[in-house]
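You will see chain A twice below: alongside chain B first, and alongside chain C after that.
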Partner chain A sequence: MKLDYAALFNALRPEAHLALGALLVLGFDIFWARHRPANRHHVALALGLLALGLAAWKAVTPGGAGPVHGGMLMIDTLTVATRAGVIGLAALALCLLPSPSRLRHPAEFVAILLFATTGFTLMAAANQLLIVFLAVELASLSLYVLAGFDKTCPESAEAALKYFLFGGMSAAFLLFGFSLLYGLTGSLDLGGIATQLAAQGPSPLLLVALGMVLVAFGFKAAAAPFHLWAPDVYQGAPSPAAALIASASKLAGLVVFTRLLWPGLGSTVGAIAHLPITVGWAPVVALVAGASLLVGNIGALAQSNVRRLLAYSAIAHAGALLLGVIAAGRVGPAPLFYYASTYGLATVGAFGVLSVLEATGPAQKLIDVAGLHQRSPLLAGCLAIFVLSLAGIPPLAGFFGKFAVFAAVLRLGGLAGPVGWLAILAIALSAVALYYYLLILKQALVARPAAEAAPVRVPLPAALALLISAALLVLLGVFPSWILGLF
Partner chain B sequence: MSPLQLCLVLSSLLFCVGLAGALARSNTILVLLGIELMLNAANLNFIAFWRYGPQPAAGLGVIFVLFAIAVAAAEAAVGLALVIAIHRHRKTVRLQDSTALKG
Partner chain C sequence: MNALPCTIYVAFTGALLALVAGARSAQAARVVALLTALTVWGLTLYAASGFVPAAALQDLINIPWIPELGIRYHLAADGISLTLLVLTGLAATTGVLFSWNIGERVGEFFALYLALIGGVCGVFLSADAFALFVFYEIAIVPKYFLIANWGSTNREYGAMKLVLYSFAGSALVLAGVLWAYAAADGAGFGLAQLAEAATRFTHVQQLGMFALVFTGFAVLAGMFPFHTWAPTGHVAAPTAASMLLAGVVMKLGAYGCLRVAMPLFPVGFAFFQPAIAWLAIAGILYAGFVALVQEDFKFVIGYSSVSHMGFVLLGLAAANATAAGGAVLQMFSHGVIAGLLFAVVGRMVYERTHTRQLADLRAMPLHRLIPFAAVVFVLAGLASMGLPGFSGFPAELTILVGTWQTRPLWALAAAGGVLVAAAFTLRAIQVSFFGKVERVEVNAHHLPPITWPEKAGALLLLGATIYIGLCPDALLDWIRPALRSPLFHALFTGGAS
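Our next item is the complex of A and B:
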């Protein structure tokens, strides 16, 4: 095997910029900003955004396509789009950095966020089991630390511990599943695994390996029945960390999952478009998707906490996204990517509104957003766009995401088979979802504010992030071909 | 049984012991211990497949294990840090006492 290290370095330029940027943020903080406490926050934020900007520029100018370094990495349209997407979502989350009084170590926070983004961009390009495992773990370990970053708050530590215990167990499942795949095929890169599996056909050991990998990714994507960590983590984690976990982590995880399942394990998909069902991973993914849709939408109805409500809505969206994974083999990853990225934008925005509110008082219960239209019209307007996009109201991007995914799923086999029925279930549950999304908007736009509630001052970076996400949701909803036409 | 089968049975048992420990223990440190056992069971699998597999020439399995050990060490460090963070607030590491977030 002849290895080309120049091409490898060329392919990893975004990751190199992110990692160097993280070290630069830390170094600058130690040697310069520590002695100027007034500027510490702004310097960390500016350097972090600079690193993300440079990495995004390198990500969209890859300078070559195809497999890199003997198939370890794959640079294609999906990689480029996903890298740009996760870097953009991370930049939006970074703009929500809490105020200096609530975050005593801004440089460390920014550096770990950059490391997590490095993991996400690596996940977007990974095409070999070892790289997949390392990228997922780099991202996860950084996210555990970010979730527990607020040392003054017991809930933050508890959320991080729960996230870590679930995530650690899922990492063990992932590694065990990968070891069985390696044993079955004698190969680590997805192309070699695909050729070996196509020659072998299904075996019981392969089913065990598939099951373990699916359990692991179910944990990562917060799909039922592996969703138990999500509400607690969304509630307890600091807002930028929760926004990152809900958006960029989900996008990168779904892309690496799709790459693993379709190019890698595509020969063991099984059939669910028509009855009778044949054994493979698709029936299991469909079952998890259906369970997530039901648990997420019905669980969200009972919530009085906005963050937990968003978490249950995330579980429901994970179900719809998994339907997109099933459809990706026939129609390509475009609908899935469109759905995941616009969902990420809307979630980052919703957490952004909560993080701005947090600076003025508690922002946990539904009644904490009461009367937002009087306290800050900007926040209320942005929140309306984000929540309506999550609910899937045209012309916002959330509607076209749902439309593209469900249309792709129905193209698999029409209404003749289980996967078509799942699409109908998802459409019916969207009506249920509208109820709890409108509960948030009723509080924000109709209810009167509490007597002691003061007007909210929105910091400049957060205001920019909110306006950019809201504008993108409207624009991408009106021109969905900007993303759908890329693939 | 061939040596490969023996190794796989051993690693499966180790994985199950780790999983049972991780699910049943109430002490956070012991749950961490269970997760480490599960990771090491997977490492044992890699080594066994590399040693007794059809093409042991490519050292892929061993390389994977080296990386996995490093990842497990990093994971243990993060996990213990989080245990300390919980202990600072609650003065206990029993999982049953982590009940502030629920609903």
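Our next item is the complex of A and C:
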């Protein structure tokens, strides 16, 4: 194997910029900003955005395509799009940085957020089991810390602990699954695994390995029945952290998952588009998707806490996204990427609205957003766009995401097999979902504010982030080809 | 004709402008809304003046939209679309006039109202299933906020029920359309393309897709037994929203049945035809009898809407050009008459007396207090009963004649509905406006006089129903050629069993 370190460095420029940016933020804080408390937040925010901007620039100008460094990394359209997507979502989440009273160490927060983003961009490019594991763990460890960052609030610590315990467990599953795969095929990179598996055919050990990997990714994607951490984490984590966990982390996770399953394990997919079903990973993914759709949509009906409601909605969306993973083999990753990235935009926006509200009072219960249209028309309007996009109402992007994924899934075999039935189930459940999304909007746009509720002042970075997300949701919804045309 | 797509853009632009204007002054928002609605109506009339009836959809715009999925932004119109667009313009304009007195969050009210109009125009113009679905859903969601914010009795419940029913219906439509797209192996979403591909579908596929798409649209058309959202929704809605709901939104459902479900899946339609006809008859009779015993004035009108929409569905189910033409005429006629009835009940009576209980209204000498409202309601009631001289007469007569050609028993059963309609309308007129007043205390009820926007709106609608009643050919001349298009050909010759 001929190794080309120049090409490796070239391929890792976005990660290098992010890591250097994180160090710069920390260094600047220690030597300069710490002594100027008034500007500490702004400096950390500006440097963080600068690093993300440079990384995004490097990500969209990859200067080469194809496998890098003996197949460790893969630079293709999906990599470029995913890197740009996760960096953009991270930048939006960064703009929601809590106020100085709630966040005493802004530089650490920004630096860890940048490390998490490094993990995401690496996930987007990873094409070898060790890199996959490394990237996933870099992102996860950063997210555990971010989830527990609000030291003033016990729920934040609870969220971090739960997230860490579940996440640690899933990392063990992932590593065990990977080690079995390596043992079976003697290869770490996905191409080698694919060749070996195609030659070997299925074996019981392979099924165990697949099971382990799927369990691990079920945890990461918050898919039922591995979803139990999600409501507590969404509820307790600081808003930017929750936004990042719900958006960029999910996008990167699904991309790495798709890459692992299709180019890597594609020969063991099994058949579920027609009856009878044959054994492979697709029936399991379909089962997890169906369970997530049911658990997420039905669980959300009972929630009185906005953040928990968003968590259950995330579980439901994970189900639909997993259907997109199954369809990616036939129609490519474009519908999945479109769905995951626009879902991320809407979730970041929804958490953004909550984070702005947090500065003026509690923002947990549904009634905490009551009368938002009087307290801040901007927030209320943006929230309406985000929530309606999550509900899948045209012309917002959330609608087209679902439409494209379901169309792709139905093209696999129509209604001749379980995967088609799942698409119909998902369409039917979207009517259920509209109910709980409208519950949020009923409070925000119809109900009157509580007597003591004051008008909300929206900080500039948050206002920009919200407006950009809302505008993107509308534009991408009307012109989906801007994304679909990339692939 | 080429002006028609502008109705969509004008309505959406007007919605934004109303929102902006509403932030400064309520009156500005009202004026913007009125001007927008008038422009939309004017555009449809302008298009109608140059309209040459043809036996096909006439392309207005056809450009690639999402080439990856074969979706095109394809707008086209024929006599059926044009009829319903003229109705939309009329209903929009009068709806603005009847909501002149809305005083709270005026800008937002009219923004949602105009967005709804834009969606409705889009549905009537779409010749691509994807575009049609997008506009259809744009027309659904604003209703929730219109009703929940500005409605009356039990508004949040009524709004949620209405929107969930509509959305569940649209989910069925989506499932059916996507299934057809997949079965056609991703050929695209153009209605013509899908219809062509559907000829190759298996029997089971045709049946399944037709059942999904037709049921989905029929929910919005208020087909029995999926009609229960309509009365509660109408009662909860503010006047203008009730008018639009009964006047145009329920027509979206019937239009979807006629434009999408039936021509695409003629085999499925032939199979379900008797069931649809009997459900339509059941709706006509059941809703009529229920309207007969309602104590809330608006519920009477709400159930009468369901009953009249039953005639539309029956006309479609009869599957011949006469009955289908009558059904489209009935859509127009009911849109105008229901709008008028809701305007009288919701705006002229309820907002003055603050009650809609027939028992309370009986004690008020309304015919002396608001004579204008009484006259309008009597005329609208006569039109609703289907008396000659009003648009309801030619519409229901054509439907019954056409149905007789297919199956005389259906026509006989439905004709009973006309009698029931007469009974509940006369009861409503008699009890509400001409109640027996023991001691006339005119001064005890001081009601504000009828304002000019109300008079203008009522006269416009009355004029429309009388004009079409006297010369229904004005619309039938547009509708009949459209029904001769090749798309409907298989339906109307092979469909009748």
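In the analysis below, the second predicted complex is superposed on the first by the 487 of 487 C-alpha atoms of A that agree within 3 Å, B and C clash if a C-alpha of one lies under 4 Å from a C-alpha of the other, contacts with A are read in each partner's own complex, and residues count from 1 in each chain.
Keep this in mind: a contact is a pair of C-beta atoms (placed from the backbone, for glycine too) under 8 Å apart; a residue touches a chain by one contact, two chains touch by 3 or more.
Computed from a prediction, not measured in an experiment: that's the story for all the values here.
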* First (chain B), second (chain C), both or neither touched by A:275 -> neither
* Could you say whether A:450 touches chain B, chain C, both of them, or neither, answering first, second, both or neither? => neither
* After superposition on the shared chain, which partner residues are touched by A:65: those of chain B (first), chain C (second), both, or neither? -> neither
* Look at A:486 in the shared chain and tell me whether it touches chain B only, chain C only, both, or neither; answer first, second, both or neither. => neither
* Asked: Touch check for A:303: first (chain B), second (chain C), both, or neither?
  -> first
* To do: Name the contact category of A:3: first (chain B only), second (chain C only), both, or neither.
  => neither
* Structure fact -> Touching chain C in the complex, chain A uses residues 334, 373, 377, 388, 393-395, 399-400, 403-404, 406-407, 410-411, 414-415, 420, 423-424, 427-428, 430-431, 434-435, 438, 441-442, 445-446, 480-481, 484-485
* Asked: In the complex of these two chains, what residues of chain C are touching chain A?
  -> 23, 65-69, 105, 108, 130, 133-134, 137-138, 141, 144-145, 148-149, 156, 160, 163-164, 167-168, 171, 174-175, 178-179, 181-183, 185-186, 205, 208
* Once bound in the complex, which stretches of chain A touch chain B? -> 129-130, 133-134, 137, 141, 144-145, 148, 151, 154-155, 157-162, 164-165, 168-169, 171-173, 175-176, 178-180, 182-183, 186-188, 231-232, 235-236, 303-305, 308
* Taking the complex as given, what residues does chain B use to touch chain A? -> 15, 18-19, 22, 28, 31-32, 35, 38-39, 41-43, 45-46, 48-49, 53-55, 58, 60-61, 63-64, 67-68, 71, 74-75, 78-79, 81-83, 85-86, 88-90, 98, 100-103
